[in-house]
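The same subunit A turns up in both complexes below, where it pairs with subunit B and then with subunit C.
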Partner chain A sequence: MLYIPGNNPAMLQQGGVYGADSLLLDLEDAVALNQKDAARILLRNLMQSIDFYDAEVCVRINHLSTPFGLADLEAIVPLQPHAIRYPKTESAEELMALIQIIERIEDEHNLPHDQMEVHAMIETALGVQNVFSIAGCSPRVGALTIGGQDLTADMNIVYTPDGAGIDFARKRIVMAAKAWKIDVIDTVFPDINDEEGLIKETEYAKKIGFTGKAVINPRQIDVIHEVYTPTDEEIRKAYKIVKEFLVNREAGIGVFAIDGKMIDAPVVARAQYILDLANVTVEI
Partner chain B sequence: MKNALGREIPEYIEGIGKLEPFEGAWAKLSKGWMDEPTIPAPNKATLPHQSKLCDSLQEAIEKANPKNGMTITFHHHLRDGDIILVMAMNILHDMGIRDITLAASSLNDCHDPILPFIQDKTITKIWSSGIRGKLGRAISRGAMDLPVIIHSHGGRVRAIHTGRIQPDIAIIAASAADCEGNATGSHGKSAFGSIGYAVIDARYAKHVIVVTDNLVPYPCIPLSITQNFIDTVVVVDSIGDTSKIASGTTRITNSPMDLRIAKLAADAIEYSGYFEQGFSFQVGAGGASLAVAKFIREKMKKQQIKGSFMLGGVTSYCVDMLEEGLFETIFDVQSFDAAVSKSLFNNRRHIEIPAALYANPFNCGCMTNKLDIVVLGALEVDVDFNVNVITGSEGNIRGASGGHSDTASGANLTVVVCPSFRGRIPIIKNSVHTIVTPGESVHVIVTERGICVNPLYKHLEENFRKAGLKVVDIHDLKKEVDGITGISRKLKFTDKIVGLVEYRDGTIIDVIYELEEK
Partner chain C sequence: MKPKHPSQAGTFESSDVIVLIEPLEIGSGRKIEIESIVKLQYGDNLKNVVNEMLDQYVLTDIHIILKDKGALEPVVKARLETAILRSIDRQNQ
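For the complex of A and B:
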């Protein structure tokens, strides 16, 4: 997920070309207070004229407690991006309040309530504590994301490359997302020149369950894709498992073995996930 | 008369002569011989142990017996750090020599100080592969009576061989030379690497002056320029600004846009069918074009592919690939950074070549003919795949033909990389302002928005699609980009021709008109 400041037309118009799976068009932290209105108008017009190709488009609005949040929703909701991202989400109640406003605007424009997702950004200690109820408060909640920089600030700690201070938050947020079967996106890696550090952090994020990672520079996209893309060996193994599963299922067998190792439903599900990532279909 | 690309070409220009229209990238060469004769090189003599050393450049130039109407040549290996050309032209101007034909292999911003000599008719004719800076702007606005003639690097050699350019005096700056004029650019405080473009000047000029800031004991090795062609040798305090000649190592761009384009281009190369054991490769020194080398390097390592040779303008990145064993050899006609000079001096597989061997179309096989893959930049491209590398969007002459058309003509796969728009200016046009490289010699154009395949090379499109690469029709891409940027206002020109663009075979591929807006 590539962050793009909502007041930067040069970056916005090229947003779709870098191969990111999704774009986060930002009206919040990336935009200075005196540019908020300009950014909103720019984004509203640009989203109607620029092709972002295959990338999903999410818009991060300002918090409803600011003078800009409601105006952001009024401008962006009618355009029905893939998702609205809500910053500093701290409770299910406030997210529900946001969704009610979104649905009021959708009604005014005769838009359905089931197309656009809401992504909750967890970046305060309170948000981390309430994340399970936030994730499950509405079927419109399609993803959770963690905001590492704001969270460390809220915790009064310094962000360190090993992520020690936010490790608990990371895992708690992942667990909430997994419980509700929604996506969960890891925070940005701030040092754009440290490719090795980015690889390490992305590998860790993948290992603990994040389904993706946010980036602040397009140069980081390929690195993250590389980490998340299954290797040829992983795909070969997964293919074999799923194929054997399908063959055995035809024969009425639920549990079987490959190379002496038992294959049951969870293993098959994991293998199918790898094949889905690699866009591989198994035929028997 | 119209040439094969539909550009209107005058049949004759007073002061230039008869012009031959471009017929096609390989049309003229396909006969196998050339009607133009090779003119004889001058025969000269010196007596045994006669000193060639002069006390000053002034003295050396005086000994060369400069005359009104003469032709003087320079090389551009010192890039934007060169001070010798301006120094020499100042001397000639002060001597009152007029009506000079300046045939520098390229002109850079550092040559801006000669603009007054154009305005006062000290210089009345220019041959060069590139013109930039104030000179380019002034010439585009009609500063000269005669059009400048833009040639390719290979075309320059051909033009000298056939007598289109007849050098009276050649001034060759060298970072090391001996008292007899054996000279090189590969070492010394002002090292610039290969001196390949100057070899033809040394061979054909009636009087050749070597200028160095590093006189070494005889013999100066390597013998990049050999003493048998050199009349005089001058030692000066400095031949140029070393920080602008060559410094450090070339770094790959950090620009996400350039990297995106480069990655797409490298993917296209990988699936083109030409990325295989023993392939040969040339890549430019800047932006996206050099960044392609980064991705090709990774692919070569991953797939354990070893190339044959790298050619042309050489960066430290090419040297790294040579040292890693990814290529067998570098043939170097021009070096771009200090690290390259060291490699050229020390590594026997890093070989200095003259421009004639590099790209002259009038011989039995220059090295560009042996190229598999070349990656080139562009100022503009059009829907017919023609490429402009000489005039900018505002109509000014501001670039260089260089080896663009030479390598495109020779390579099995010519990949042109450019953004689809710069600032608010679309780069893909219906018709480029100035054609330097004809579309028939360009296989693919890669922008950040995908790979455009020349319909003449359909097999490539099939390869790319099978590999899942993003292929876009160039007309569709143009429409998309125009939708983002709008269509640029048309520039206004007078009917005065200020530049002739020679194709490498000497035919005229395009003309440049004077900008109406001053």
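For the complex of A and C:
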């Protein structure tokens, strides 16, 4: 997920060419306070005229407690991006209040309530505490994200490359997302010149369950795809497992063995997940 | 209607345009100045875009300057709209 500042025409126009799976068009932290009106109008115009190719388009609006949040929603909701990202979400109640406003705007434009997702950004200690209820408060919540920089600021600690200060938050947010079967996106890696550090952090994020990672520079996209893309060997093994499963299921057999190892439902589910990531379909 | 006060929007960055607005005396009409790296090809089109936007907000007695660095039409329209809304104190709408 590539962050793009909402008031930068050149970057917005090129957003779709970098190969990111999704774009986060940012009206919040990336836009100066005295340019919020300009960014909102620019984004509204460009979202109607620019081809972002296959990338999912998400828009981070300003918090509703600011003078800008409601105007952001009025401008962006009618365009129905893939998702609205809500910063500093701290409770299910405030997310439901946001969704009520979104649905009021959708009603005014005769739009359905089931197309656009809401992504909750967790970046305060209170948000981490309430993340399970936030994730489950509405079927429109399609993903959780963690904001590492703001979270460390809220905790009065320094963000360190080893992520020690936010490790508990990362794992709690992942678990809430898994409990509600929604996506969960890791925070950005801020040092764009440290590729080794980016690889290490992305591998860790993948290992603990994040389904993707945010980036602040297009140079970081390929590195993250490399980490998240299954290897040929993983795909071959997954294909074999799923194919054997389908053959055995036809024969009424639930549990079987491949190369002496028992294959049951969780192993098949994991293999299917790898094939889904690789866009591979198994036919028998 | 005329602008209440001077305003501006946009930047000098590539693919952007800066729009400057100042109110003129009543009865002065519209004074439009365009500087663009693509003025030869798109100068007339830019002027039409400016006039359409001013018509939309029923604005006359206005001096408007565009310094264009190759902005697409939706960018030009966005910067014009922002500058106009700022000049009539409606930027929060």
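Methods note: the second predicted complex is superposed on the first by the 284 of 284 C-alpha atoms of A that agree within 3 Å, B and C clash if a C-alpha of one lies under 4 Å from a C-alpha of the other, contacts with A are read in each partner's own complex, and residues count from 1 in each chain.
Criterion: contacts are C-beta pairs under 8 Å (C-beta built on N, C-alpha and C of every residue); 3 or more make two chains touch, one makes a residue touch a chain.
The model shown is predicted, which means the values in this text are computed figures rather than measured ones.
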| item | value |
| --- | --- |
| Touched partner set for A:E108, first subunit B, second subunit C, both or neither | neither |
| Touched partner set for A:N45, first subunit B, second subunit C, both or neither | second |
| Which superposed partner A:P67 touches (first subunit B, second subunit C, both, neither) | second |
| First, second, both or neither for A:Q13, with subunit B first and subunit C second | both |
| First, second, both or neither for A:D264, with subunit B first and subunit C second | neither |
| In the superposition, subunit B vs subunit C on subunit A residues touched | C |
| Which superposed partner A:D222 touches (first subunit B, second subunit C, both, neither) | first |
| Doubly contacted subunit A residues - partners subunit C and subunit B | 13, 49-50 |
| Touching residues on subunit B, where the partner in the complex is subunit A | 254, 256-257, 259-260, 263, 448-449, 480, 483-484 |
| Of subunit A, residues touching subunit B in the complex | 13-14, 17-19, 49-51, 217-219, 222 |
| Residues of subunit A defined as touching subunit C within the complex | 8-10, 13, 37-38, 41-42, 44-46, 48-50, 67, 71 |
| In the complex with subunit A, residue positions of subunit C that touch it | 9-10, 13-16, 71-75, 77-79, 81-82, 85-86, 91-93 |
